[in-house]
Structure formats: structure tokens, C-alpha cells
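Structures are listed in the sections that come next.
Both complexes below contain chain A, partnered by chain B and then by chain C.
Showing the complex of A and B:
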């Protein structure tokens, strides 16, 4: 039996290794030295996440090819989304140190679980093999099942959210693994590039491949909450602690969409005929249902949940468009979506009081109660609605032009119409905070230091994705999409 | 051979599916657990059929053995719905059926392994070839033509004893694959297990804290 030592290109594994090590060291430190562990573990985790972001740079410069026998592909697209995910995790750790601790959660525990979830997400965005997609997805999901239930001691809906997410997540994982088995059966490989080569060479059994891809679409579609598989999202987002809901809305969606992009656009790009129509229909359905149901919401958390469902639909438009233009649109929109959604959730956290979940009415007169917060909220809402020149506009423009280029004009029309519907409820939030008088018993809003830092990070991110700085990100996304193999 | 394979697979798959369905639909948790054992054993035999006896043994030892004992222990510890149902003759009949089915499947397993001839057959073929060779070499002058025949038989038997694609995979091969081609997923899986472990502790901790507080109260 010949033993060939594995190809261990450590540059490719550097960011994930740093993130994993950060979680382990934080865990050990908090156990060995419990005194003052809360503050220390937060700052150490933030340091580790920053270090991991620096660790992405060698990969961006040296461009290691597929490493670890093709398991890990830290290409420019993976680096771009890894940086976004590391930033989003850092913001969530910062928020957790304030809000989750307030709910009676141990700060070190929250930081470790968020960091380990982040490691899973990083493995997903740089996966070159279906096996890595699966293990990364599970690592991320298990961490989130626990995080969703963290506030259970105070709020029973948190337990409910965790249980719902766990049961439905396990069900979806079944679909995912079954789909991988079918794809393996059709192509004889789990390696994404090899799958692509077999499909291009005509060596894939088309029936099995179509079944496999359909099952994969269901499994990953559940994670990103595409419409027939979205039922869990509003309840889980509402029940989970808001910090965790923000992490789910941004991290899970970005990581799972990158996996979708790698599996469908890149590996199964040669078999587009078998999945393109299905993805396009899912996209239309998701945009329509997400936006229409969001119109009727008065709970801000549920509204953001439906908004994030609708945004999964926009991202699916890029997936259905396919090709380099579609991939570029998905990459750009993922980054833009990450910052604006995270920002919206931070504002929600700032408005949240111990006893109840913020409603639309709680926004009345926010301009007077806290002008800066109102301005930030308005920026995020305008961005989410896709008002020029903000990031959401650039992203939607890319998505729609990709769909038109791919000849999918009806899809582009649907996206435009749905954005018009969406503008109504986003702008209503701005109207409430700027034009309605505050209620008599409205309390003044004060921002904690952590909230201010998180808000600043999201605002800067959103503005960097907006015109004119966004053009730089746009070309970076284009370059990354061109390098996708 | 192929029709035999297909029949074995279809029978095992049907048993596995039926057991899975019964596991979901039976009202008694112990029955559910037993049907799960049946399901796991049936899928273990499918692994044998696919030439992965090591995975099959691991499946039986770890899942059908260790983990199911844990399941049953917890079900009995919590005394879930045991009181009414054990007295019920119908449920006893179901238990008997499940046990009988399990036994039948295990017996069938022996048959499958023997019949597919992969595992049991090859050493016998080698032995037969050696015997033939020995007989040829001891060679009576009357039978010189037997010698090349016997050598060819030995070579064929030796070739059959080597692992071939699509045939039984050895533990060594699995180990080499795990530490070369699949080194990274293997390592990352440990991270996944770690997350699950931390999660179990985080979920159980409020309970543990309450209990230790209670103990302190009692002792003081």
C-alpha cells in the first residue's frame, strides 16, 4: 500500500486555522482562569478574528491553488467573503458582549460558539469538495442551534426557536447528503472541479445528476430560506436572541450562497439546463412571498426576517443568471447585503428593551430621541430598498443586468417589480422614525459603546459598498468571479 | 451474481425502509429504538454487500451497539410510557416480531457474505490452487500437462485474493485514505464534534448549576 503524504498547503488553511485556534484558546483560558474571563475572552476573540483577516492576505497575494487534495480552494472569491464573514463575526461578538451577557449568557461561551460557527462558514466559502461543504455547514449549523437557544432562561421562545431550527435543519441536512450521494453516483466524484470535468466530458448520468442537484438545492435552499423552504425563518429569527438572528441572517446566508455558487454555477455549470429554470422559479417565488408578507409585519424583527428571505430571492436571481456576470453579482450583493442587514439588526438591538420585542410603533419620533440612530437606520433602509447611490442599488443593478445578459428578461422584470414592493415597507420605517410624533411615554434611546462601534462598522461597510467606493468592490468582485474555477 | 446482488440489495433496502417507517410510527419509544437497531443492521449489511465490511462492523458496533444501548438506557431511565404498554399483548407481539426480524436479518447476513463469495471464497481458492500446484509438482510422469494448469489456477487465485476496485476494502486502505486524501475533512470533523460537545455542556449547564446549588443548600 503506497502512502502519499497529503498536500498540506498551509497558506490556504491559515485563516480557518487561526479562527479555530482562537476559539480553542478562548475556551481554555476561560476555563483555566475564570476571573475576568468575560472581558478577556471578548478582546482575545476580536484579536484572533483580526489576525485571521490578516491571514487571508498571503492567500490573496500568492493565490494558492486547490489545496489539501482539492478540499480547500482559497481563491479571491473565498478571500472576499471570508473577510466579510470575519467582520460580521467580530461585530456579532462585540454585540454579544453587551446584549447576550445581559440575557445571562456567559460571554466566553457566546464568543467561542460564534467563532467556531465562523470557522464552519469559512470552510464553506472555500470548499472545493462536497465533503467540505457538508462538514463546514454542519459546524456552522450546530453552533447556531445552540446560539439560538442561549436566551432560553429568560425567554421561552428562544428554546422554541432552537428546537425548530434543529429539527428542520437536521431534516434539510438529510436532503443535502442524499443529494451529494446522487451527485457522486452520477459523476463518480465529490470533488467539485472533477464533477465539473465529468459533466463537461459528458460522463455524468443526467437523470441521477438532476435528482442530486435538486436535493442539494433543497438542502442549501433551506439554509438560505428560499421560499418553499423558508417556513422556519421568521419564527427562528424572532425567537433567537437578536445578536444571533443577525448572525444567521448574514453569516449563514452568505456562506450557503457561496456554496450554492460553487456547486451550481461552477461545478454544474455545464448542466445548467437541468437546474436553471428551477432556481429562477424559486427566486421569483422567494422575492414575491418575502416582500408581500413583509408588508404586513409590525414586529420589526419579523419584518427583517421576511426582508432577509426576500434578499435570498435577489441573490438567487444572480445564481439563475449564471456565468461570470451572475457570479460577480452574487459576490457583490453578498457583501453589500451583509453590511446593510447587520446594520439594521444593530439598530434593532439598540431599540430593544428587556420585556418586549420592538414594534413599528417604537420607531415613532426616533429622529428626536436619537438623531444619529435615526440617520443610520434611514441609511440602512435606503440601502436595503435599493435607492441610488447606495450599495443595494449597485447590487440590484448588477443582478438585474446579469439576468438580462443571460436572456432571462422575465426574471429581471420580476426582480424590478419586487424591489418596488419592497421600497414600501423600508420607506415606511423611515417615515415612522422621521415624520411621526413620539409617544408620550417614549424613553430616550442611549447607545452603549459596543453598539456605537458596531453601528460605525456597519455604516462604514455600507458606504464602502456604495457609489463611488463601491465601484472598487465591484471590480474586485468581477475579478474574483473570473477566477472561480 | 448481479441478479443475486440486486435481490439482496432490494431485500435489505426494503427491510431498512420498513424498519425506519415502523420506527417513526410506533407509539412505544422502546419499539422505536428497536426498529432503529433493525434499520442500522440492515444498512450495515448493505455496506457488506458494497464491499465495505469494516464500515459495516463499525456501524453495528458503534451505532447498533453502543449508541442504541445509550438510547434504550435513557428511555428506560425516563420511564417513557412503559407502564401501560408492556402489559399490552399487542406491543409484546411487536417486540417479538422485531426481535425475530433482527435475527432473520443477521442470519441472512451470513448467507450474503458466503454467497457473494468475496470474503469466504478467496482463501479457499488460494488453498485449492496451492493443492493443485503441489499435486502437479509432485507430478507423476503421467500428468505433466496438469502443471501449467495448476500454476495458472494459483495465479488466478492469488489475483483474486488482492483487493480490487469495487471489492472489499481493507482497514488499511481506509486508514491511508483518511490520513492522505481526506486529511482535512477528518481534522475538521473533530472541530464539528467539539462544537457539539460544547453545545451539550452549554445546554446542560443551567440544570447542573441548579443541582449544585441544591446540594449546597442540603449540606448546609
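Showing the complex of A and C:
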């Protein structure tokens, strides 16, 4: 037996380590020096996140690929999504410093939890092992359980949301871990590359593998809110503080989809025949239910919740399509989705009043009340609806063409039809804000500096994902998808 | 050959620039830009003609000005290619040459018009579209030009937007032309089916090689194209739009509705001459419709009082002559007549414009209201408008066919060909020639030579127009007088120049038609003498009827109302269309709008909408907000998914049983979880 020294590529752990350290230091500082902790911890956290973003680069340049015995894989796809997640976390921290504070939450506390959640997400996107997926997922989830209930002092529904999320999350985690056990039983390994090799070599027990994959799909499908594992999402989004809802809608979904991509598309790609049809059905069901129910919503938060469910369906189309084209589509759409959804939530936050959730009617005459905000909202809605040349269009085009290339024409047709349904409620928002007269008691909208910065970041991100700049991202996503192993 | 594209681009840029910036320019600048663009095109047209002329006798008979590919779908490829061959260069010269003269004329004629820039922008756009039509290498590009000129024609007929009749006339032209366009499209489809290409040179090459004479598919295609030609070139029974098109400004009538656009149908049939040669039946149809139209329109021209209407019917009649030529296989003669007709009919229209301009001015000056186009209110203008008079005299003599003017040679050529074995056609055509002489003389008598019927004040106020209007008349008069030189009869060195130049285009068709015996000198001399005699009879009759303002014609008309009435009523063709086409169409459209649109279409759209909102409402209710019900749905989904993945290798029976059980379970859950009333 030959001895190999443990593969300690610290570069690969650098981003996560920086994020984790940031969280811990912020926590310590806020406890030790409470005076002025809020401002300081926000700035420090933002600095730490920026540092982590820079920290992604050495690994990508000097030692890409698996390290720590295959536990961490900082490949281009992981770097791409890590950057997105760090950015999204930064935006949420920025928003938390303004809005969560209003809910009576300590800013430092929120920043720490958001940052810890981010560490979990980073683990998930660069996981090379099912255990890493699990650890990342739990780190992220625990942070989120707390975050969802943060506003409980002011709003009882926040507690309700946290409890629901915790109970159902625990339920789903059971499925996930059980699935991992089955996969281990079928292949004898938890390492994703090893699993792939066993499946390719025919050394995997098909029955065990199928059950394991089904359980994994259920567990991860819960996190990304695939129908019928989605029912928590609207309640939790609505109850949780809007900042946290945005964080969940973007961060959790992106991270969990990357994990799905790694497990199904890459590791279990050889056994695609056993899961592809099921994923396609889930995708269709998710798109249909998400879009349909969104039609009936008047609460903007619930509407965005169903919208994000529907988008999980679109992403699942890319997963079902499989191959490099499917992976490219999922990567591109994750980034595009992240910016446009985050932007929509930022607009929502700007509209939020002390103790009521924004309704569709609150958008009336937004064009008069705040033209810039109305324009930004319209941009995000057009992007979400997939109207050219915006990012959502490029993404949907990629997803649908990936499905067609994979020979799954009915799936592509379903995606197109569901997008048509979706256009209705996205455009209705634009109609309300542009073509309806404002109510008499409508208050003028003022934007805080943090909101303006967050909005600008999301707008720039969305435009960078749109034609023609989006073509760079498109080729970057293609390159990253090609490098997925 | 890329410079051929400049032919089209120059007037196109002119049109674009005038549409964009025209408002800020002075009239002289606008006129200079528009005329300059067409003049530039003319210069390039001459260059292209020289290049094609240099090919004579060589192995290559046409040039292609390449461009990018337009579309490639399956086997069908369409390129932006321009075809330069003898036919297209002749047409290009006519379009740009006559177009240039008319642009120069329009600068003066439209002086003071409030929409001066729009007029010239459209005129330039028309030239561009017409050049696309004649230069298009394939049927698709040709169709672009075909529709383009139709659009410009529509816009320019309705140019005086404040006149209800003008916009009606524009619509009429557009709608009648749609019928023809459908024919064109169907013909293109049939030809594509027959040859697998839309490229004109390839079609001409492929047709005689692959198909025998009398092939029904080709006959169908030829007839379809002829329907298209009937629409564009105003042949029976679709000619009704052209007289109404005289609502447009006179330069438009001269350029579009006499010299160029209306000859597009003739161009098309000559371009596809091999198709007609392969289909004797279609050729017969063309010839019969042509000569019938010539006759009907000439008869109508006899009784018109509006000076432009006379010329409009005359145009229809002359176009009929051209189609007669195509029908009897005299393709070069058709083009020859097309060219000379462009000269003399352009001239006649511009002369009539000059008369109208002077009349308008005089009536205005004398504070009288009256129709400046009505010949019944003219007379005696010879002394007042000497320049207009002598140029119009040349034009009238040319169209009547007096030697040695242009019309004499071109009409004689057609009559000679018709006389070969088509005796009836020949006889009718000769009769039309007589009528032509008659109504042109009538026009001249009523306008210039009879004693004036105007008031003394108005008559005294008539003044000859300035040089911007007169110079174009003189240029065209020169062309109308000398145009016959292009294609002199006989067998000498200078004879048949145009026919010989066009030989590469007409040769495939003539080859299919078989041996053609050149006319003997005797035949030609006899034909000329006879047609001069016929013309003289026509002129004599006109002199008998209209000299010195006698009422002989009025008495004749009164004595034979059954002959006169249908002519005044235009054979009742418009009423016929109104009754059998327009009104049923209106009724059908109204029914569709009322019943079908409101019931079926709106119902469908609203139904889809309410279906989705209902199902959204239904699905929404399955979200009661209870964790236990969420967990139940979760579990149900999990069981379904597990079963789906785990049972994939199982036998079908097991799958069926488990699937059925699961469905039952799902149904039961839906029932148990059904939303209850809020109470």
C-alpha cells in the first residue's frame, strides 16, 4: 500500500475560509465592542466578501480541479457561481443593514448569519463529494432557519415561516441523507467522480442507484422548490423578512441547482436513462404549477415566490436536457436568474411599508411616483418574462435549445407554453406601474442609499447578462460546462 | 459589376434623404437632389448598357451583379443578384431616361405644392423599385420591385390626400393589383415546382430542356403570370383601376401610369417568353386578351371628355397592343413598342399636364371655377400654347402611327406579325389603329384647333408655360419623332437594331416556336402602305367630325344611343364589380367582424384567459398553509418519484398496478385535501 500525502490545496479552500473567518470575526467584534458594531460589522463583512471573491482567483489560476482528496472542486463553474453568490450575499448584507434593522434585528447578527449561509453555499457549488453537499446544505439551511425567523419580534408570520421551513427542511434532509446512503450502497463511494466512474464501468447496482437518486432528487428538489416539494416556499418567502426571502430565492436555488448539476448531470450522467424522464416530468409540473398559481396572486411577495418556483422548473429543463449544452444553460440561467430575481426583490423592499406586505395595487402609478424605480422594475420583469434582448431571453433560449438538442421536444414545447403564461403576470406588473393611475393616498417613494446601490448592482448585472454583453457570459458558461468533470 | 447596384441605391438614398430631411430643404434643392439621383442612375445605366452591348456575339450573354444571399431554405436559395442583359438594360435606360425627363418636368409642375418633398421622395422611391423590378435576377427579387412600384403607385395616386376621390382611386388600384399579385405568386410557385429554382436565367435555360410544348403545368404557370401582368398592366378585365389612377399628379400619370410601371407586365411576359412559347394556349389567351383590351379601351377613349382619361384609355389600348405582340411571338416588337410608347405617351401626358397647368392658371386668374381637364371647356389653345401644341402634335402623330415617327414603325411591326396566320387578330388590331388615329385627332381638335369655348377673360389669361415644363416636352418630342430609328424595318445595316440586340433574350423562345421567315420587302411595303391608309381614314373621320365645332359626332351619338350609352357607362364593368365582388365582399367582411370575430375569435381568446385564471384559482386553494398537508403532498410526490425510478426495470404489469394504485392514492389525497369553505 503506497502512502500519499493528504492533498491539502489550501488555495481551493481560500474563498470559503475567508467567508467563514469574516463571519466569526464579525461575531466576535460585535460582542466585544458593541459600540458602533452595526456599521463596522457591515463594512467588515462587505470587505470580507470582496476578499473572498478575489480569493477565488488563485485556485482558479494555480490549481484548478479537485483537491482535499476530491472533496472540493474549484473548477470554472464553481468560481462563476461562487462569484455570483458572494455578490448576492453582499447585496443582501447591504439591504439587511437598512431593512432588517427596521425589523428590530441587530445588523451584525444578520450579517453573520448571511455570511455563514454563504459559506455553506460556497461549499455546495464546489462540492466533489456527497458529504460536502450535505455539509454545505446544512450549514446554509441552519443559517436560513434562523434568518427566516429574525423578524418575529414585529411579525408573527416570520416565526411561522421559520418553523415551517425548519420542520419541512428536516423532513427533506432525511430523504437526502437516506439517498446518499443508497448511492453509497450502489456504488461503494460518496465521491462524485468515483460514483461516475463506477456507473460508467457498470459496477453500480441499478436498483439501489435508482432509489438513491430518487431520494437525492427529492431532498435537493425540496431546496430548489420543485413541485410537489415546493409548498413551503410561498409561505416561507411571505413570512420571512424580504431581504431573507431574496437571499433564499437566489442563493439557495443557485447553490442547490449546482449540487443537482454535479450529482445528476456529471456523476450520474451515465445513468441518465433512469432519471431523465422523471426530472423532465418534475420540470413540466413545476413550470405549470408555479406559473399558474402565480397568475392568481395579488401579494407581490407570493407572486415572486411562485415565479421563483417556476424558474426552478426552467432550470430543471436544462438538467433534464443533460450534456454540456444543458449544463451551460443551467449555469447561464443561474447567473441571469440571480440578478433579475434579486433586483425584483430589491424593488419590492423599496416599496415595503412599515406593516403591510406590498400588493399589486401598491404599484399603481409607480411611473409617476418614482420613474427610475418603475423603469428598473420593468427591466427585471421583462427579463423574467424572457423578452429579448434581456438576460432571461438568452437563458430560456439556451435552455430550450438544449432540450431540443437532447431530443426532448415535448419538454421544450412545454417550457415555451409555460413562458407564455408567465408573460401575463410579469407584464401585468409593468401595466400596473405604468398605465394605472396612482391611488389618492399613494405616498411618494424614496430610495435609501443602500437600496440605490443594490438596485444599481442588480441592474448592471442583468444588463451584463443581456444581449450583447451576455454573449461573453454565454461563452464563459459554455467553457465552464465543458470543464465540469 | 457591383456598380450596377448604384443604379438602385442612388434613387433609394435620394428617397430616404428627402423623406428624412426634405422638410428643411428648399424646392430647388429637393428637385436637384431627386433629379440628380435619377440622372446619376441614368449615367450608370448607359455604362451598363455599353458593357452589355460589348458582349454581343460573345459566348456570355448576360452579366450578374452579385450581392449577399437573401435566404437559403432547404433547396431554395435566393440571392440579391442583379441581372444585366439586353432586356434589362433597355428597360433600365427607359426607366432612368424617361424618369429623368419627368423629374425635371415635375420640378416645375409641382411648384408651390405643400408636400413637395414627399412627392419627390416617392418619385425617387418609385424609380428605385422599378429598377429592382427590371434588374432582379430571380422571381423573388422581381416581386419585391413589383410590390414596391405598386406601393409607390398607390401612394402617388392618392397623393392629394385632401381629395376623397384620389384616396379612393389609390385604394382601387391597390386592391385590383392584389388579384394580379396573387397570380404572380402562384405563377412563381408553379415555376419553382417545375424547375426547382427562382433564378430567371436558370428558368429560361431549364424550361425548354425539360418540358415539351403544351405541358399543362407550364400553361397554368403562364396563365398565372398573365393574371399578374393583367393587373399591373391594366388588361381586361382588370384595367378599371388605370383610368381612376389619373387622380394622381400628371407627372405621376406620365411616369408610372404610362411610361414605366404599367409596362411591367409586358416586361414580365417577355422575360418569361420561353414559357409562353412552350404554351401555345397561354399565348393565344395573351393575344386575344391583348387585342380585346386594345379594342375596348380604344372605344372608350372615343367618348371621354377628360383629357387625361383619353390618354389613360389610350395607354390601356396600347398595352393591349404589346400583349398582342407577345401573344403572337413578336417579343422584340413588344419591347420596341414599349420603348416608343414610353416616349410618346410620356410626351402626351406631359403635354396634357402643360395644358392643364395653363388652364388652371387661367381659370384661377379669371376667378372662374371649372374643371381644367375637361376638353369641352377648352379649344383654341393653339395660338396660346404654341410650344405645347407642336410637341403634342408630334406625340399625337407618333401614337397615331404617321410615318416616319416612332409609333409608325413599332405598331407596323406588331401588325405585320399579327398578320401572319392570325387574320382575325390582325383585322381587329387594324381597326384599333384606325380608332387610335381618330381619338388622338379628336383630342387635338377639341383642345387646340376648334374655336375656344372658354370665357374671354379666361382665354385671355392663358399663357404658355415656362422652360422647365417645355424643355422636357421638346426632349421627349425628339425621342418620339426619332425613336423609330431603334428598330427600322428591312434587312439593311441599320435595320432591326433593337431586335438584334434583344436576340439573346428572345432566342430561346423563338427557337421553341420554330423557324421564322423574315418578312419580304413586298410584305413590309404592303403592310406600311396599308397602315398609313388606315391612319389616314381615321384622321379623315376625325376631321369630318370635329372641324369647325360642328355637331356631327353629337348627332351620331344621339342617333345611336345603344352604341353610345355603353361607352359612356364604361360597359358597366365598374357596376358589375361593385355588385358582384365589392358588395358581397363587404357583406362577408361585416358578417365576419360581427359574428365570427366577436363570437369565435374573442371567445377563444377570452376562453383561454379564463381557463388559466380559473385553474390558477383552483390550484391556489390547495395551499392551506398547514405544515401537515405540505408534508402529505411531499410524501405523495416522494412515493411517486421513487416508484417511477425504482420500477423502471420492473415488468409492465407491476408498473401498471403500482401506477394505478398511486393514481388512486393521489386522487384520494386530492379529495381529502379539497378546499373547504372558509366558514
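As a convention for this text, the second predicted complex is superposed on the first by the 479 of 485 C-alpha atoms of A that agree within 3 Å, B and C clash if a C-alpha of one lies under 4 Å from a C-alpha of the other, contacts with A are read in each partner's own complex, and residues count from 1 in each chain.
Criterion: a residue touches a chain if its C-beta (ideal position, glycine included) is under 8 Å from a C-beta of that chain, and two chains touch if they have at least 3 such contacts.
Because the structure is predicted, anything quoted here is derived from the model rather than measured.
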item	value
Partner chain in contact with A:49 - chain B first, chain C second, else both or neither	neither
Chain B versus chain C as contact partner of A:222, first or second or both or neither	second
First (chain B), second (chain C), both or neither touched by A:146	first
Touching partner for A:211 - first (chain B), second (chain C), both, neither	second
First (chain B), second (chain C), both or neither touched by A:315	neither
Contact residues of chain A, present in both the chain B and the chain C interface	none
Chain B to chain A touching residues, read off their complex	172-173, 176, 179-185, 188-189, 191-192, 194-196, 198-199, 202-203, 206
Residue ranges of chain A touching chain B (in the complex, touch as defined)	1, 3-6, 8, 13, 20, 24, 27, 68-69, 71-72, 106, 109, 112-113, 116-117, 119-120, 123, 129, 131-132, 135-136, 138-139, 142-143, 145-146, 149-150, 153
Touching residues on chain A, where the partner in the complex is chain C	163-164, 167-168, 171-172, 175, 206-207, 210-211, 213-215, 217-218, 222, 227-229, 231-232, 234-235, 274-275, 277-278, 281-282, 289, 292-297, 421, 424
Touching residues (chain side chain C, partner chain A) in the complex	612-613, 615-617, 619-620, 623, 625, 627, 629-631, 633-634, 636-638, 641-642, 644-646, 648-649
